[in-house]
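Read the structure below first, then the notes.
Chain nomenclature is as follows: A, B, C and D, assigned in order of appearance, with residue numbering initiated at 1 for each chain independently.
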Amino acid sequence: MMDLATILQILDSTVRLGTPLLLACLAGLFSERAGIFDIGLEGKMLMAAFFSGAVAAITGSVLLGLTAGVLSSLLLSAIHGAASITFRGNQLISGVAINFLASGLTVLIGQKWFQLGGRTPPLSGDGRFAPITLPFAETLREVPVIGPIYYELISGHSILVYVAFAAVPLSWWLLYRTRFGLRLRAVGENPAAVDTAGISVVRMRYAAVMICGLLTGLAGAYLATALSAGFVKEMTAGRGYIALAALIFAKWRPVPALGATMLFGLLEAIANRYQNIDLGGVVLPVQFMQALPYILTVVILAGFIGKATPPRAGGEAYVKER
Amino acid sequence: MAQAQTSERQATAAPAIELRGISKAFGPVQANKDISIRVMPGTIHGIIGENGAGKSTLMSILYGFYKADAGEILIGGTPVQIPDSQAAIRAGIGMVFQHFKLVQTFTVLENVVLGAEDGALLRPSLAKARASLQQLARDYELEVDPDAVVEELSVGHQQRVEILKALYRQADILILDEPTGVLTPAEADHLFRILRGLRAQGKTVILITHKLREIMEITDTVSVMRRGEMTATVTTAETSPEQLAELMVGRKVLLHVPKGPANPGAVVLSVEDLRMVDEDGVERLKGISLQIRAGEILGIAGVAGNGQSELLKILGGFGHGTGRITMNGVPVDLTGRSSDGQTSRAQGIAHVPEDRQHLGLIMDFTAWENVAFGYHHAPEYQKNALFMDNAALMAETQAKMERFDVRPPIPTLAAKNFSGGNQQKIVLAREIERNPDLLLVGQPTRGVDIGAIEFIHKQIVALRDAGKAVLLVSVELDEILSLSDRIAVMFDGRIMGERLPSETDERELGLLMAGVA
Amino acid sequence: DPAIIFDLGGKFDKSFNEAAFNGAKRWADETGGSFKELEMQSEAQREQALRRLAEAGSNPIVMTGFAFGDVLNTVAPDYPDTKFAIIDMVVEQPNVKSVVFTEEQGSYLVGMLAAMASETGTVGFIGGMDIPLIRKFACGYVQGVKAVNPDATVIQNMTGTTPAAWNDPVKGSELAISQKSQGADVIYAAAGGTGLGVLQAAADQGILSIGVDSNQNHLFPGKVLTSMVKRVDNSVYEAFIDGDALEPGITVMDLASEGVGYALDENNEALITAEMKAAVDDATAKIASGEIAVHDYMADNTCPVE
Amino acid sequence: MTRMPRWADVALIPLLNLVIAFAISGLVILAIGENPWAALKIMVTGALGSSYGWGYTLYYTTSFIFTGLAVAIASHAGLFNIGGEGQATLGGLGVALICLSLPWPHWSLALLAASLGAAAFGAAWAAIPAWLQAKRGSHIVITTIMFNFIALSLLNYLLGNVMRPARSMDPASARFPEGATLPTLNDMAAGLGFVWGKNTPANISLFIALLCCLAVWALIWKTRLGFQIRAFGKSEPAAVYAGINPVRITMYAMLISGGLAGLMAVNNVMGEAERLVLNAVEGAGFIGIAVALMGRNHPFGVLLAALLFGFLYQGGGELALWTTIPRELITVIQALVILFTGALDNMVRAPVERLFARRGAR
């Protein structure tokens, strides 16, 4: 049986590993809720990871790095927006292109700037997001059960982790309690209704795509400047796709998105910690744990566990005059 | 009293709406050509015209949905720019589109509030709208549950939501685009009561419809459109349906198709207790039984959406239902999961579907490919076990196009490049030339110009005279009355009754269509 | 010109490949010569890379990593006039020099240091790809730890079973944090680029780490206990110096020939006490003389200690 | 408005798209401080300047033809098969299992069996997403992406734990037996009595790829099944009206697509590596998307586009070898080609259409 310390350690790792998924998943949520499918999350995250790592390495300031990362992700979002909103191109193809663009450009630019084979120099000091110790963490530490949970699990993460968790209720509130959210959801369900209500479909969709860029930017920056200390080639390692899977798992809703991403984070944490898992006779190879998020997503998509219905106008450009 | 008020306003006030020289082209299609029109406040103004005449386009321009290529809009006498719907709403215009613009997954309240919110936060807007909806419901008989999700509402209620949307935005001018096409007669009457109420409140209504009866019943003035142009505007009281029809199509309308008496033979198709439940669990066919004999045309009348489409689909072999069907005396399974369009074709059933652009044709396919479409298994179209005989198909298509006067007779032209009437002729050529025992035809002349209508009607009658059975589904009572040898009326998934055309009239059929037996 | 091909971790992995690169650079700096270099991006490119260099007339061609073994076996006979050198793998071809290291010996030494530096009696090992070569590191390390403190616990983790395991710093850091929570206070990373994550996390968590292949002490001064250095640089340098006169056959680089060892420099001198140094130097001498036999995992694919 | 002539649609617009993509690629090369012209020269000489270069260019081309056709045929059925990567991976598994199962007496037998195995495994990997799409409406783009990852994990497991020969450290299968060695183009030229390069991997599967082009062309435009696939791809409701079974057509189209993607393994696994290694597909599944987009889903277009990408791939490898430009430049070019020929197509198309409209009006 696992002891509390082990469980806490795994959960702690879950939070760290789930955070980029959560940010990216919320990013995808805004975009897809507005009717713009985005399989380019991976690319945007990668680009943001690179620029945040690179700029933080050059300037020594993680905030400048974060800014650069977010800007780069916003730029890719703008390309996606132009392709899928302005030029009514295929959103899936645009997403694929963006993933390749990021995967190539990060190495190309990284090699040009640092000659480290696509890696950035390791970050230290102000070049990274330091863990934040929450108030009373030290004092409460000795209290049984609560103390370790507070100290190990809740306290001691980087600011971006707290931002990501705060983004969940904030997204919920924005989507379901504000005018902006109402319009955003409407534009993903029936853009013609939004248009005839006198609201610009194009502007709403760009807004959503840009929010998506902002959040993927944070996700990427977190990877390079908080979770690790610098950028490594292909460091997103499919996390953008996992976030997409989590989004489907969560049926395009913010609070379930938290659950889905943390579940996938947990799977990763377990796969990290144990090579193979012995379930009394049946040994689950680590590869199975790695594939589990994808398998679960397929099962969800197949409708065997509840039906995931995407926003109705999702993936389609809004065409008024043929 | 209302009448007096109206004439008083007409005398003093500027027109509520004035359009001057509006033109609009969609690519090669000139949808509106130099259109001018004046509508006085506190009146109901009708617009009629054939399909594709440009009615919806004109109104969409007024509502800022499309941008006119040229022309001027005046509201209450002052010129206004309406670049988008927001501007139209600000100018006091509301519109109920032919295809509703509702967010299906939202509640009524959310739909009403969308775009007319009071502030950045939703809660106060929703509260205000809720109160205001109660008021509107009382004033105009527009009851609808504000918390119902729109996709769960009936079409009639969805339309109310659209009207409420406009009224909530304090529209003084309300445009309704073919509002009764989807309504039962009772619902339509209710709608007209609402419109009269609006007029009494001094609001201006523009009503687009195809139904002359409605024009005569409710409008004060009426404009007629033809091929993108405004042909006339007349005072309703001073015109007649016959005159309007003539204005609409540009010549005297031949309401009667010359046809001899029918010689019904053996029963070709027999349907017993056909039932069908759709994906949402709604029963669309509630026990249909009918028979069609060789050499007769059975017309099915009914308001769209009462199960005719489902009936056609099942008989065409691609719907799932339960019941017993025999074709030429042989029981066939056209209702089960194993049936498909090939099964029915093999049984000698040909099918001209209601929606030719989405079902009957592949718009990107060439004419010859469309002639093979559905009959791609036919042995004469195969070169060998592996390949289709494209050359033979091409030649055959050429011949068919000439026989059916399809213009231009070019087999390699894509279907989308033919006009609507010619597209319909391609479908008819394909289906009729198979010489089927039973022809299913849905809305054969929808959106087809008058010349083509006569041709199509003649072909259908000729097929009957050749001893074949025809099942004709149409929402046009004229068409039903003039073509059918027998008429069955469908309402709410049932056959309400059967009549002989010589022994019935539009009034009686209209009652049956409304479910009044 | 000579040529060198780096394996998937990339030439700036601060570890194995970088050591090889340093050797090549030293040769270039000293002789003024130039060399071709290539980095592998994927398994599938190995053969083309080898052939391309051979076609272009490079000689000798040095490659870092066992993963080239199979491909080299088929390519070498096609280019009998070209000399090849492969590190960490034995390929028996008349024009191939195979360089192997006694990693178990170097790992034994750093294992001793780990045991002596540990306060908890628990130390960790994080390997890259789970292959016999890395087990060899682990086994030597455990033997060294137990030699100092037979009661010590060694927590062992491998990063993965594919070459991606060499280049996953995030996973490295998660594993290090996990080992720390299990009580480890010194962690030896034999995982290429993944090791950087281990060293990073150890430094963040305030525990010690041990680098590998290159001298990694400078990466986190005062936080890296030592590094198990493998003089890959020397073997590349020598191969380049030999040029086309490269002597085919198997070369074993061991403790005695200073092919492996532990790193002591200004970055870690405060961490290595005099008695630690004395104990390790003593063991070095005994291993070199054969008095201590460190078991080689790859000799029989087993390890006598856990 | 006169319609745009056909040549403009199939040639002019893709060409313009390509020019833009390459122009931007040139700027990228400039931006990283290299000379685009010099780079182009290295690429051209490296990929096309010698029989050695051709040997590799054609080798890559072969793979891209297969994956390009795979994407194209699915597109004709209105399906976006983004799972070529996974299907080709599984195709590799099929090839390996077959090649390792018997001491093949002659390559021709091995080729036949391995082709069947590759196609069957690739098709099987496409079958599940296809079935889920057809029966349960699961978005095939997402499921095929997921299946790419699952394929990777599966192969990782098999190569690491099951197929790796004892005492080998590589996550790779054993070498295939002698009898499973395919003749390369070099060998074939030698057999015909002239010398054409040596030691390059382009092999007999190039001809299988060309045959597949022809077969796909005939299938799509000359057969009933192709007719049904195209009809279904243009309009599903109409296809149902015509008695075309959507489930069956989705399955057929995806099985053929997956089979073609799987066939690629005959080239890279059997023809080149002669054992199964990790990531043998090297992104060719994704390049198939670019190839099909550029080739307008026409087998002949696919062939030309595959040749272009084969050139880019080999040329890019040469660049990485002789300059400091990393191989990833190719990824960038690939991205730009997909972006401009796919997603931003309208950016070029709309003005061109207007131009023709204006000319027609005059």
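Throughout what follows, contacts are C-beta pairs under 8 Å (C-beta built on N, C-alpha and C of every residue); 3 or more make two chains touch, one makes a residue touch a chain.
Please read all numbers here as calculations on a predicted model, not as lab measurements.
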Which of C-D and A-D has more C-beta contact pairs: A-D
Separation of mean Cα positions, subunit D and subunit A [Å, integer]: 30
Inter-centroid spacing, subunit D versus subunit C (mean Cα positions, whole Å): 38
Rounded Å distance between subunit B and subunit D, as computed from the means of their C-alpha atoms: 47
Multi-chain contact residues (two or more partners), subunit D: 156-157, 160-161
Two or more partner chains touched - positions in subunit A: 118, 287
Sites on subunit C at which at least two other chains make contact: 130, 161
All touching chain pairs, where touch follows the definition stated at the start: A-B, A-C, A-D, B-D, C-D
Complex interface listing, subunit D residues touching subunit A: 28, 31-33, 80, 82, 128-129, 132, 136-139, 141-143, 145-147, 149-150, 153-154, 156-157, 160-161, 286, 289, 293, 324-326, 328-336, 338-339, 342-347, 350
Residue ranges of subunit B touching subunit A (in the complex, touch as defined): 26-27, 63-66, 84-89, 95, 97, 101-106, 110-111, 113-117, 119-123, 125, 165
Residue numbers on subunit A that touch subunit D, as the complex places them: 39, 79, 82-84, 87-94, 96-101, 103-105, 107-109, 111-112, 118, 238, 241, 244-245, 248, 285, 287-288, 290-291, 294-295, 297-298, 301-303, 310
Footprint of subunit C on subunit D - complex, ascending: 52, 56, 156-157, 159-161, 167-172, 175, 199, 201, 268, 272-275, 277-282, 317, 320-321, 327
Parts of subunit B lying in touch with subunit D, wherever the complex brings them together: 27-28, 316-318, 340-345, 351, 353, 358-365, 369, 372-374, 376-377, 382, 386-388, 390, 417
